[in-house]
Every structure is written in structure tokens, then in C-alpha cells.
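Both complexes shown next keep chain A, but they swap its partner, so chain B is in the first and chain C is in the second.
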Partner chain A sequence: MIDVLFQGLTLGALYGLIGAGLALNFGILRVVNLAHGEFITLGAFMAVGLVAGQAALPLPLVLAGAFAGAALLGALMQAAFVERAMAFRDPMVAMLVTFGLAVMIRNGLLETLGANLRGLDVGGLAQARVDFGGQSFGLLPLVTLGIAAAAFTLLAALIFRTRFGREVRAVSDRPDIAAMMGIRVARVHALVAALSAGLAALAGVLLAMRASVSPFSGVAHLLIAFEVVVLGGIGRIRGVLVAGLFLGLVQVIAQRFDANAGMLYVHLTFFLALVLRALTGRLA
Partner chain B sequence: MIRPFELAAVALALGLGILGARMLDAGLLFLACEVLTLFIMAQMWNLLAGYGGQVSLGHQVFVGIGVYALFLTANATTLPLWLVLAGVPFAVALAAIPLGMVMFHLKAAYFAVGMWVVAEIVQQIAYKMPFVRGTAGLVLRPGGQSIQGYPEQIVFVIALVAAVGLMVALRVFLRTRAGLATLALRDNEGAARAAGVNVQRLHLILFCVTAGGCAGAGALYYITTLYVTPNDAFQLNWIVAMMVVTVIGGTGTLAGPVLGVAILIGLREGMTAAGFSGDQYWIVMGLLSVAVLLVSPRGLWPTLAGIFRKG
Partner chain C sequence: MLRLEGIGAFYGQARALDGVSLAVEAGQSHALVGANGAGKSTLLRLLSGLMPDWRGAIVLDGRPYDPRHAAARGVALVPEGRLLFDSLSVEENILIGQRGRPGPWSLQALFALFPILSEKRRARPADLSGGQQQMVAIARALATNPAVLLCDEIALGLAPKVVDEVYAALAQVRAQGLAVLLVDQDIARACKESVQVTCLLKGRISHQGPAHGVTAHSLRAAYFGVAA
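Right after this comes the complex of A and B.
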């Protein structure tokens, strides 16, 4: 039972991570980024490519490479396309632009890599186990959990403790006044988009170590990210983490009772929570 | 009220449909059926998103429900196939009422994602139902008998009349009191509410109508294939196509989806003939929708119509 809980927490931390990226985008740019799932897949494939090219590459470098690659693409996309779409009064336009970008990235991946499932080979890390308090844990999940926890801590520190974080919060609250105070709003937007894409890629690498990915995985991951954001609340980093952990636990526990359930019980749980909140009127 | 030339258009569609069903070969008929059913779905999405302001990412669920309602009912009973088909949109529209009442507590992005989650849940439950027969799929055998002859001929006539009929019905609807309220809603929801439009009720009506329309179009399409699996019927590609068609053609205009479907299918047939892969085609469609949104956020039709009016 402890093993199941541990697995659920590990998966949940990753869900929290992909949710955090989406929440950042939604909370600050006010754009529902439908291309978020594709960044998760992109991150995974960049890691697969890096490992295929240089097998001895240490894990931190793989993670950093995927983060940087996705962040660069995220910033470019924001500056070149989404920022312009945000100028229109209708917020739906920006969302539909990210939808078009998602279709492009997904089919670009399909075109270059094919539809096959790929796994990320992490050598002995996948089998290694450590004993802790009379209980044996896999090393890979522990590492995953550690990286996710570190990412969350750094993100919280970045947003609440630094000058950049203050600018981000100012742009989120009142973009017009922030601009008057000399903050370059478009630059903050691009940096937030980069951060969001980088977090997605980070989670994508870690997800690819657990299970294989294909260009079609992005859609399923986007849906999870949404559920985490909606349950956790926009602009609440801790809430997003808790929601991610909760959904991860639901998935792992449900799979114990119904092995081929997939994401069904996660979606059902989310839907029930949503309806419950809607009916009690506690919905933004 | 309905105008004489609108009645004439429906009659013309019926005549052309019967003529076309006799003249065109099976391949062309099949393509025409796909174009027409896709147009109906896109127009439905447009009605809800473009006019109602409710972007749904989950309307493929109604396509799937419509198909299975038709296949399961027709296979299990001795009712005529076309009678069952006529009943599907109404049954699904009624069934959508409770869902709509729950979903409309959600606003904007929450509604869009909530619908998507509903679609995922229904698809995965469908997999688990023994009578759906999962990935093995279901063959259309009305009353236990295999279909004789060429169903795509009849489907073509129905689809053409339905597509033209839908355009006429929407034109007539937009002239009524409720239609004017819909136009007000499209232009400014807050102002419409202030002017006394019951936005909640109007949203629910549009939701149920579009649910029934997607179900009917889906059922019609799968009569030409005679076979369905949950993977196919509930696939995300339905909603992707509905959105791309509407976004490129023109949201909140009746003519937009016509233009959009023409571009979507025209480009696909052209690129396939020129030897491009399906992935390359979708990259182009994604790029095209982004470009159109940035240049003309309400789609190509309003811009083109503006140019013609000036010139």
C-alpha cells in the first residue's frame, strides 16, 4: 500500500509540474495555451534525441537541454504569434491561435519522428532501489520526486522573492499600470511563456522515463494539466501542487482495482469536483 | 417567415441531390457525403461558439453518441434505418438538456475544458460497454440484415437537403425574436443581458440544437462507412476539423463554414494528389488558421465580403 501511495505521489508531482506551467500562462498572460501539451511531448523527444546522440550525458544536462530548448521555442511562439493575438478584444482569438500552433507542432513531430511510442533509456537508474526505514523504494521515482519538489520550490521563490517575480505579479494584476511603471510587458510575457514551456518540457522528460511517449501524448497531458489548474486554482502554486498530487493518487489507486481503466477515474473525479463546485457556486 | 427563394433553394437541393446520386460515381459520392456532414458539424460548432460565445472542445462526444444511437437502435430493432436516423438528432438534443444545465455553470475556458473531459469520459465508458464491442467495432446491420445496394446514394440526398435546409433554417431563425437575441448575444453578451435577453436559456437552446446537429451529421456520415469503433467515432479530429473550418471560414457568419469546408477539403484533396503526407497537410492547416486569426480574427468570410462590398 505504501508503494502505491508513493507511486501516486510521484506521478502526482509530475502532474503538478505540468499544471504549474499552464497555470502560469493562464494566470499571467490570460491565455489558455492549448499548445502546452505539445511542449511536454517536445521536451520528452528532445531528451530522447540528446540521449541517442550522447549516451553518457548525465541526467541534469539532459533536463537542462530539454528545458532550454522548449523555453526558447515557447518564448519565440509568444513573441511571434500569441502576443499579437492578445491585442484583439476577444480572448478566444489567442486561445485559437495556440490551438493552431498545437496542430502544427503535433503534426511536425509526427512528420519527423513517426507515430511510434518511444521510451527514454536511463540505464541502471530505472531498476535501482534504495532501502529506507525498512521499505524499498525505486531510485527513479525518488529522483523524480526530488526534481519536481526542487522545481516547485524554485518557481515559488522566483515568483514571490525576486524582482522578476514582482514584475510578473504586477503584470498579472494590472498590465496597464505595470506598463506605466516602466515594466516591459511584452518581455515579461515572453519570459513567462518560456518558463511555462520549460516546466512542461521538464515534466515531459520525467514522464518519458516512467512510460513511453508518442506525438499523440500531448493531448492527454494537456487535459491533465487543465484538470490540475482548474482544481488547484489559477495563481496558486501550492494549490496546483496539491491538485496534481491528488489526481496522481486517484489514477494509481484506481489502476490497482481496474487495471485497464486508464484515465477514466481521474476524469470522473475531476468532473465530479467541478460539478460540485459549480453547484455550490464556488467557481471563478 | 420563410421566403420563396429559400424554399426554392431546398427544392433545388433535393432535385440536385437525386440527380447527383444517379450521376456521380461512388468515390465522388463518398467525398460529397463527407464534405456535407462535416459542414453541418462545423456550422453547429459555429452556432455555439461564433454566435453563442461558448467554445466547446468536446462536441465530438455528440458525434460518437449519435453514431452509436443509430447503430445500436437500428441493429436491435426492425425499425426502418432512415426513421431511426431521423430520430437521432431529437433524442440526443433532449439528452443534452441535463448536461447543458450542469455545464453552463462553467464559464469560458472552464466550459471548453469541461466539455472535453465529458467527451473523454463518455469515450472511455463506451469502451467498457459490452454491446459497443470496444476495439472490435460495430457493423451496421439494420434489423440483423446486411445493407443491400449503395447507401451513399441516399445519404448524399439526405445530406445535401440537410445542409441546405440548415442554412435556410438558420437564416429564418436569425430573423425571429430568438434569432435577434442570438445576434445580440454574438455582438455583446453584457449588452444583450442588459437588454433583457435570457442568456442562460439561449445558451441551453443553442447547446441542445448543436448537440443534436452533430449527432445527426455523425450518424449520417457513418452510414456510408457501415462500421464504427469508439476510437473513430469519438476522435478528437472531429472537433479539430469543426474548429479549423469555422476559424478559417468565419466565426459568427453563416457563410463562413461553407468557405472553410471548401478550403479544408479542397486543400486536402489537392495536397494528397500532389503527393504530400497527411501530417504535412495538417501543418499547413495549422499555419493557415494561425495566419487567418492574426490577419482577420473573425475569419476570411467577413473580410472577403467587406472587399466585395467596397469594390
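Right after this comes the complex of A and C.
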């Protein structure tokens, strides 16, 4: 039972991390970012490349490298394309721009790396175990859980405890008044996009340590991210974490009874939650 | 301190302001009155950098003024409807204005001006009364340490006692040397608080002069555009 709980929480924390970046996009930029899944894949492939390189890097540097690389690309994409699309009243314009960017990233990965599945070789970490309280826990899931927890803690501190976070929330509430107060709104947008892309890449690295990824993995990841964000509440960081943990637990418990259909139960749970909301008048 | 010459503003093809010239001096209020749609709020929005399409010349402290740099040059707006940041606490709403421009309006000074805000510093705007929200909006603008304060309908929807409190605070602000451009539907109140008054009618100046003694009745012709 404890093992199931541990696995569920680990997977759930990952799902929460996948959703966190998308929640920033929804809640602060007000953009439905269809390229979010591609940043998860991009993070995974950057990590694979860094580990497979001549000078293999330790895991913290791999995580930092993937985060920084994706964050830079996310900020550039925001500044060059999405910010301009956001100037249109119709939110479909920005959404379609991110769709186009997603196609470009996916095909770029396909052209340069091929369609093969790749995993992140973490060496002995994959098999290492730690005994605690009479239970044996895998070190890799523990590391995953720890990194996800640290990322959420830092994100919450950044948004709710810093001057930057205050400006981010002000821009989210009223961008015109924030600009009038002297806040550079486009700069805040670019930094939020960087943070979102970086978190996606971080999730991608952690996913690649558990399972193989291909250039086409982004769509499946995006689906989970959407479910987590919609279930957790758009723009709510704590809600996203809770929703991710819940869906992770559902998947792991369901796999106990039906080994090949855990993900199906995740989608069914999401659907049932939406039905429940609709019946109680809380769908909007 | 702030001088406007021949200001015109446009919403697309529609001209919202035409040839508006006025001046606001340090430590004084200038009342801006007129019927709905006369262009009062448009002028304040223009000065705050919220109206991209405008013509004319603006000079602040002897130098040309670009409204896109309103906060840096020391022009702050208290907008109609307050437009506070809903997800920020009272204290955070005020702190967002403090962006490095030096001046007397620290958090402590603003809490001294509006003591009730000190008690409500952790509250969200939605949990405050209308009067308290208006105090936050004024404090947020003052936190930028402006030279010119633009007040758009700061008494709208407030109880008379609260209006008196807000205007008493505004008198303290003027005493610090701030220039105030004041829009208020209550002509008598706006003129009582001000040295000069400008009445707008369909985007043009229909009356301009000393505010002393001006009443809603004496301004009727300029206000409605009919013969007195």
C-alpha cells in the first residue's frame, strides 16, 4: 500500500510539474500554449544530448542546462511571435501561433534526431534503493519527488514572495494599469514564458529518466498538462500540484487492477470530474 | 508644472479631444468638469500613457513629456473605478507603485495618510469597502512619488463622510507640492478644491478660468452647450 502511494505521489508530482508551466501560460499570459508539450520533449532531448555528450554532465547540471536552454527558447518565442499575437483581441490568434511553433519544434526534432525512442541513462541511480522504516524505496523516484517538490516550492516562493512575483500577478490582473505604473509588461511576459518553458523542460528530463521519449511525445504530455490545469484551476499553482498528485495516484492504483490501462483511467477520472462540475454548476 | 497645448486625441477615426490647452501648478488642483463623453477621462488616460493616438504638446517641469514614460516622469493616475490589482493584497498594491523614484511617499507615510489601510494591509481589494478601495487606489498612485496626480472620479459611489475623508487626504497631498488634475461629477466640490477649472464639451474647452465661486448653475451653459 505504501509502495503504491509512493509511486502515485511521484508520478503525480511529475504531472503537477507538467501542468505548472501551462498554468502560468493560462493564468498569467492568458495564452493557450499548444507548444507546451514540445518544450517537455525538448527538455528530455536536451538532457539526453547532454548526458550522451563526450563530457557527460552530472544530473544537477543536466537539469540546469535543460531548464536554461528551454527557458531561453521560450523567452525568444514569446518576444518574437506570441507577444505580437497577443495584441490581437481574438485569443485564437495566439493559440494558433503556438500551434505553428509546436509543429516547427516537433519537426525540427524529427529532422535532426530521427523518430527513434530515446531514454536518459542515469546509470546506477535507476536501480539504487533506500531503506526507510522497514520499507524499500527506489532512489530515482525519491530524487524525482524531491526535485518536483523543490521546483513547486521555489515557484510558489517566486510568485507569492518576491517583487518579481508581485509584478507578474499585477500584469496578470490588469496589464494596462501595470504598464502605467512603470512595469515593462512585455518583459514580464517573456520571463513568465521562460519560466513556463523551463518548468516543462525540467518535467521532460524527469520523464526521460523513467521512460523513453520521441519527438511525438509532446502531444500526450500536453493532454496530461491540460487535464491537470483544468482540474486544478486555471492559474492556481497549488491546485495544479494537488490535481497532478490526484491523477498520478489514480493511474498507479488503476494499474494495479488493469496493468495496461492506467492512463485510460486518468482520462476517465478527468472526464468524470468535469461531469461532476457541470452537474454542480461549476464548469465555468 | 504641467502644461498642455492644443491636445487632440482619437479613438480610431473619432476625435475625442480637440485643441485642449491647460496648465496645472505645483501644490494646486485644477478641476476638469464636463458631461459624460466630454473627454475628461480621455485626457487623463492620455496623460497616463493609455491613449496611443494623440496630437499636441505637453511640457512637464520645463521638458517635453512623453506619456509612455508617465511613471518615470512622475505622473500617476487614480483611475475611475479604482482598477486595483485583485490578486494582490492592500500592501502589495501599494508596493507595486514603488519603483525607485525618490520622494516622501513611503509605505509608512501612506499608512499614516490612510491609517485604516495599515489595519487592512493583508486584505484583498474585494474584501474592502468602496471608500477603502479608493484609498488604496490613491495610495498606489502616490507610492510612485509623482509630481502630478491625476484623479478620475475619486468620489464616485462613496458616502459623503468618506468623500470628505478622501478630499482631506488630497489636501495633505497638495500640501506636499503635488499638482492635481481633478475630474469629478460634483462640480461644486471639484471647484471648491481647485484653483482653476476647465469645462469640456464634446472634446473642446467650453469654459476655463478661476474655480473660486463657480457652481453647477453658473457653469450650466458651458456644461450642456446651451445658452445660459
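Please note the rule applied: the second predicted complex is superposed on the first by the 280 of 284 C-alpha atoms of A that agree within 3 Å, B and C clash if a C-alpha of one lies under 4 Å from a C-alpha of the other, contacts with A are read in each partner's own complex, and residues count from 1 in each chain.
Quick note on the criterion: contacts are C-beta pairs under 8 Å (C-beta built on N, C-alpha and C of every residue); 3 or more make two chains touch, one makes a residue touch a chain.
Here the structure is a predicted model, which means the values were calculated and not measured.
Undergrad: Examine A:Glu167 and indicate which partner it touches, taking first as chain B and second as chain C; both and neither are also allowed.
TA: In the superposition, A:Glu167 contacts chain C only.
Undergrad: By residue count, which of the two partners contacts chain A more extensively, chain B or chain C?
TA: On the superposition, B touches more of the residues of chain A.
Undergrad: If you stack the two complexes on chain A, which partner ends up touching A:Met181: first (chain B), second (chain C), both, or neither?
TA: A:Met181 sits against chain C, while chain B stays out of touch.
Undergrad: Between chain B (first) and chain C (second), which, if any, makes contact with A:Leu101: first, second, both or neither?
TA: Touch partner of A:Leu101: chain B, not chain C.
Undergrad: In the superposed arrangement, which partner chain does A:Arg84 touch: chain B (first), chain C (second), both, or neither?
TA: Touch status of A:Arg84: first partner only.
Undergrad: Return first, second, both or neither, reflecting whether A:Val275 touches chain B, chain C, both chains, or no partner chain.
TA: first
Undergrad: Using the superposition on chain A as set up above, list the residues of chain A that contact both chain B and chain C.
TA: In chain A, nothing is touched by chain B and also by chain C.
Undergrad: What residues of chain B sit close enough to touch chain A in their complex?
TA: So the residues of chain B in touch with chain A come to 49, 53, 55, 102, 105-110, 112-114, 116-118, 120-121, 124-125, 128, 236, 240, 243-244, 247, 277, 279-280, 282-283, 285-290, 293-294, 297.
Undergrad: Would you mind writing out the residues of chain A in touch with chain B in their complex?
TA: Interface residues on the chain A side: 26, 32, 81, 84-85, 88, 90-93, 95-97, 99-104, 106-108, 110-111, 219, 223, 226-227, 230, 261-264, 267-268, 270-271, 274-275, 278-279, 283-284.
Undergrad: Contact residues on chain C for chain A in the complex?
TA: 48-50, 70-72, 77, 79, 83, 85-88, 92, 95-97, 99, 140, 144
Undergrad: Along chain A, where are the residues that touch chain C in the complex?
TA: Against chain C, the touching part of chain A is residues 163, 166-167, 169-170, 172-174, 176-183.
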